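Shared between the two complexes below is subunit A, which has subunit B as its partner in the first and subunit C in the second.
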Partner chain A sequence: MEKAIRRYWPVFVLPTLAAFIIGFLWPFLWGIYLSFCQFQTVNKVKPVGFSNYMKVFADPTFVHAFWFTALFTVASTLIINLAAFGVALLLTRKIKGTNLFRTVFFMPNLIGGIVLGYIWQSLLNGLLSKWGWPLLALSEKEGFWGLIILMAWQQIGYMMIIYIAGLQNVSPELIEAAQIDGATAAQTLVRIKVPMVMPSITICSFLTLTNSFKLFDQNLSLTNGEPAKNTQMLAMNIYDTFYSRSGPQWKGIGQAKAVIFFLVVVVISLIQLRFTKSREVQA
Partner chain B sequence: MNRKLVSAVLGAAMASTVLAGCGSTASAPAAQTEETAAEEETAAGEETADTAEAGAESAAGKVYYLNFKPEADEHWQSLAAAYTEETGVPVTVVTAASGEYETTLQSEIAKSDAPTLFQVNGPVGLANWKDYCYDLTGSDIVGNLTSDAYALKNDEGAIAGVAYVIESYGIITNKALLEKAGYSVDDIQSFDDLKKVADDIQARADELGVKGAFASTGMDASSDWRFKTHLANLPIYYEYQEDGIDRADAIKGSYLDNYKNVFDLYITDSTCDPAELSAKTADDARNEFLNGEAVFYQNGSWEYGSLSDKYSDDELAMIPIYFGVNDAKEGLCTGTENYWCVNAEAAPEDIQATLDFMNWCVSSETGTKVMAEDMGFTIPFTTAQESPNVFVKQDAEMTAAGKTPVSWNFTTMPSENWKNGVGSALTAYAAGTGDWEAVKAAFVDGWASEYAMMQ
Partner chain C sequence: MMAAANDSMSPNSRAQALAKRKERTNNVITGILSVVLVLWIYPVFMIIANSLKIESAISTDRIFRLPLGEDFAGLANYVYGVTKMDFLSAFWYSLFITVTSVALILLCCSMCAWYISRSGNALGRIMYLLCVFSMVVPFQMVMFTLAKTADTLKLNTPYNICIVYLGFGAGLAVFMFTGFMKSMPVEIEEAAMIDGCSPLQIFFRVVMPITKPTTISTAILETMWVWNDYLLPTLVLDIKKYRTIPMDIQYFRGSYGSVQMGPMMACIVITIVPVILLYLFAQKYIIEGVVAGAVKG
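The block that comes next holds the complex of A and B.
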């Protein structure tokens, strides 16, 4: 068997490698090159050096979108993970109908972001107009919390499944031993369960962090950046730069924004991974 | 044994996908070069023949039209099929989703099989695509235009696009309801008349069985073009008129107070609370009008198709958006933001085929009939047939009666970004979370800064 793998490795590696190069690596490198160019379509490009990058930081909407996204990411990562962990704890307690609850909580994940955005837009607007508050498209604060509610609703179920898997792997012996030693429920949770599910926490926080940072569909359908681009997140700001501006110079600026965006996402996720990984324990 | 079999099958499956992938990419260009070689031969053979007939006689070249108007997609498809049947030239029509035209064009034109025929919305749109526009000067279709004004020229004076449809917009009126309220269309001859009638209808809304005088001024991002673009054309038009120009890098906003008056009228005498407008769409407004809940509805001649299902021609009228400047002379807003451009990067025989196709659409019996009757277009060509669209007829009547159509100057608006800025400010103003100063700032300062950034 091993000999066969050694002989036929190209059959296994090359298709994926080819797909990776065609579908990811090549467009990625080309994209970086384009960020130094002025262009209307990718066939006709004119290199312009670093000027696109200079213009990115002169654009107040990009800076605003950056901070809005950062704030959103912090809030949604905390809320989603805390809630998902809480629900997971509840649903590993052998309550009647656990499986039904798990299914129901997981379901929102199966609906696409655009559809969800429009559904929640009507729901939230209905509520807001009943209370006589300004509608979603008119207030940055409401747009922000609307996005948080939407993301929490969508993502909690998914993260919950990962936490449930983690919690089920905590060996009953450890918990029993803790109980015999007289640990309270809170102590068991903090000292045994949380350290033991640290790998799940790593995965979930990574997923929520990057998902929130790269959010686009929900942003587009729920608020569309209104009012006046105040609820625009980074991905949407890039899209907006690319498509709603006239003149070829904007394409390069949009591309430069995208490269900066990529770097930020990489740096943040690496820091987060290192941080949570360092807390994982071996049982 | 079993495991070996599974891995062999998996390996084969993976290999076949990648091979298939390579195969199709490798074979497509090959087939294409063969095709083009053959086409070049035929094209060379025919160079002596009349070029106008080249397209009609053989299948040299092909046409790929990226259509802008989703509502006309079906008719374009049938027109394309009819042309292929008549001449043998293959015509592909692809329609971009509403609001996605620039995005679609962007990606399509970078492909090897790029659209040969696409459209831009005017001078500002042309700025993006000027490198791709074939010079139409001297082509048959330009010769058929009824007026030089419908040819879109680039900075060097070459004809980059031709308008293929002329449309009008104004305030669509339900005549039956208006009469029920005790007025006729003739009673409305100025902004003051309009305001008086609308205020009266609004006050007696319950008695008349309507929800409001005007259908909701939907400011949802999908629909606010009716106000941030179409209504915003009027202050620009009057300012350009006053200054005797047709484009400006900076705008003064001299007529913004009139803009405010009309917008205030729309949102006050309305079917719904202004605070709800940010979530309303143009579809909502159309439905209100169709259900007889509103008497007035600002939109254009393209709405005729959906309104004529419910209302007869006698029940519909379109009145000018009286602006309180020169109401006695003001006609409907008539113009175009649809200019056909031929892709200059396409193969020469495809360009020729495309030129022939365009000309056929606007000059042949079949083509003009489909454009006039099925699509409901008024086309600015000498060979055009009369459109049954009642709004189009009214526009002609008003012009004949000495009114001046308001031209479409929103094609000179600096960018989509500018429109969005005005739209956001209007929405906030309507809901009371913003003030009119913000609209002015978005209009005047936004215009200058957007143009500055284009340099």
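The block that comes next holds the complex of A and C.
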């Protein structure tokens, strides 16, 4: 059968392969090449070696965006996962209205990032002006927490669903056995439920980690980087470098930033792969 | 349920007391979660309320007021939003792009995944590795060059942007299909081959029906992505001619100068209400799709 299938490769593989080359492979390789060049349009390209990369780290907005993103990623990953796991624990206790809660908590996930940002911009600015605080666009700290609240609203439901699926796979016999042995609720949680849902914890923490790290739409619509680019995250800083700055050097620098961004994401993914592998051994 | 039987001193009374305590805790939890639930719905409710108000009543200090009395604007905002913001055409482009892209992704990627899982040759292996790799690459890495490539190849209209989506969305779809197909027994397909089916017939008559659950999961994940995607269509399409819904909202809201908040709120409502209704309708599949995607991704 293998031989017969191999003969049909133009039908089975070629369409995807061709689109893949157009939509990913060629832009990717070209992007790497352009990160070593100075260019404004693709017709006038001048190779400049590593100078773009040198200039990236001399750009204070990039360094600021990097730390802002790192802090945001850590904070949102912790908050979202703790909240989602807590809610999942409550919703696996067979309480009244479990389905309704699950449905509603997941719902924000279906709303796109741009729309989400504008919904929360109106809401948060309304609250802030009620309390007499500066509006979102005027304070970096408020922008940061605004983004965290928005992400929590969007992502807690998604992670909750994955945690519920994990908790439902923990065999009831195991928990019953522990209870007969006199384990308290806290002990059952720490010694049995948490280790048994470790796969879900790994998946969810890395999903939130990469989602937060690559955040763009929500950042654009909620704060647009205000005040003075102080709430710009990495993805938005790259976009801004490409399309909002004038000067012949910026597109090359933007592409170099994108390569660095890509490398950081690869490192995060490799760590995830390691975790997943080591987990498989235990299971 | 067990409240009636707790006053006797039967041997089961301790167990009953425990059960009663558990029920009380559960009621407290239901109460707390109900409060959270109201807070969770409130942002959506607020947008709907404001979409029914006159422009001056949507300012930051009056945003929490209900659309009552002289603040009430009827459906004026909806009419304005739909006519002046070109919202219907944006809705149409979004729908068209999502349907064509997802259909193309499902067809091409499931075929490609079958080749990968059954051919056992270098082409299949390379294709698989490339697809997995592409899932890691952030969009910012390729955005500039991808937009230029799409321009050169005239893929910059809503009618053929699906090819760009196929290229950039192939990673996840191929990954999910391959994961499922590798676990499918080969014997059924071999039996079909002995009965004289060509590979194409085997694929469409045997493989596709078996992969239906994965097809649904993948369709949901890809739909959620394409429908809400903002940056890719913004960079690829000509924003003056074609706008998808996220582009339309950003175009009118993000541009400086006077922003008409009422019509904006109305458009946001028209955007999210169909999605929420669809979700309530197909909830089971959507949640299953999310779980399947997370476990494999």
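The criterion applied here is as follows: the second predicted complex is superposed on the first by the 246 of 283 C-alpha atoms of A that agree within 3 Å, B and C clash if a C-alpha of one lies under 4 Å from a C-alpha of the other, contacts with A are read in each partner's own complex, and residues count from 1 in each chain.
Heads up, the rule we're going with is that a residue touches a chain if its C-beta (ideal position, glycine included) is under 8 Å from a C-beta of that chain, and two chains touch if they have at least 3 such contacts.
In this text the structure is predicted, and so the values were computed from the model without any measurement.
Enquirer: In the superposed arrangement, does A:224 touch subunit B (first), subunit C (second), both or neither?
Expert: Touch status of A:224: both partners.
Enquirer: With the two structures laid over each other on chain A, which partner does A:42 touch: subunit B (first), subunit C (second), both, or neither?
Expert: Touch status of A:42: both partners.
Enquirer: Of the two partner chains, subunit B (first) and subunit C (second), which one does A:105 touch, if any: first, second, both, or neither?
Expert: Second partner only, subunit C.
Enquirer: On the A-aligned overlay, A:129 touches which partner chain: subunit B = first, subunit C = second, or both, or neither?
Expert: In the superposition, A:129 contacts both subunit B and subunit C.
Enquirer: Check whether subunit B or subunit C contacts more residues of subunit A in the superposed model.
Expert: C
Enquirer: Between subunit B (first) and subunit C (second), which does A:12 come into contact with in this model arrangement: first, second, both, or neither?
Expert: Once the two structures are laid over each other on A, A:12 reaches both partners.
Enquirer: When the two structures are overlaid on chain A, which partner does A:53 contact: first (subunit B), second (subunit C), both, or neither?
Expert: neither
Enquirer: Applying the touch criterion given at the start, work out whether A:66 contacts subunit B, subunit C, both or neither, answering first, second, both or neither.
Expert: In the superposed model, A:66 contacts neither subunit B nor subunit C.
Enquirer: Quick check on the superposed pair: does A:139 touch subunit B, subunit C, both, or neither? Answer first, second, both or neither.
Expert: first
Enquirer: Would you tell me the residues on subunit A in contact with subunit B in one complex that are also in contact with subunit C in the other?
Expert: 8, 11-12, 15-16, 19, 42, 122, 125, 129, 135, 224
Enquirer: Can you tell me which positions in subunit B touch subunit A when the two form their complex?
Expert: Contact set of subunit B toward subunit A: 11, 14-15, 17-18, 21, 102-103, 106, 109-110, 124-125, 127-129, 131-132, 219-221, 273, 275-276, 278-279, 414-417, 420-421, 424-425, 427-428, 431-434, 442, 453-454.
Enquirer: Would you pull the subunit A residues touching subunit B in the complex into a rising list?
Expert: Residues 8, 11-12, 14-16, 18-19, 40-44, 121-122, 125, 129, 132, 134-139, 224, 226-229, 240, 243-248.
Enquirer: Enumerate the contact residues on subunit C facing subunit A in the complex.
Expert: 26-27, 29-30, 33-34, 37, 40-44, 46-47, 50, 58, 60-61, 63-64, 108-109, 111-112, 114-115, 118-121, 123-124, 127, 130-131, 134, 136-146, 148-150, 153, 155, 163-168, 170-171, 174, 186, 189-190, 193, 198-200, 203, 224, 227-231, 245-246, 249-250, 253-254, 261, 264-265, 268, 271-272, 275-276, 279-280, 283, 286-287, 290-291, 294-295, 297
Enquirer: Can you name the residues of subunit A that touch subunit C in the complex?
Expert: 1-2, 4-9, 11-13, 15-17, 19-28, 30-31, 34, 42, 87, 90, 93-97, 100-115, 118-120, 122-123, 125-126, 128-130, 135, 153, 158, 161-162, 165, 203-204, 207, 214, 216-217, 220-221, 224, 235, 238-239, 242, 251, 254-255, 258-259, 261-262, 265-266, 269
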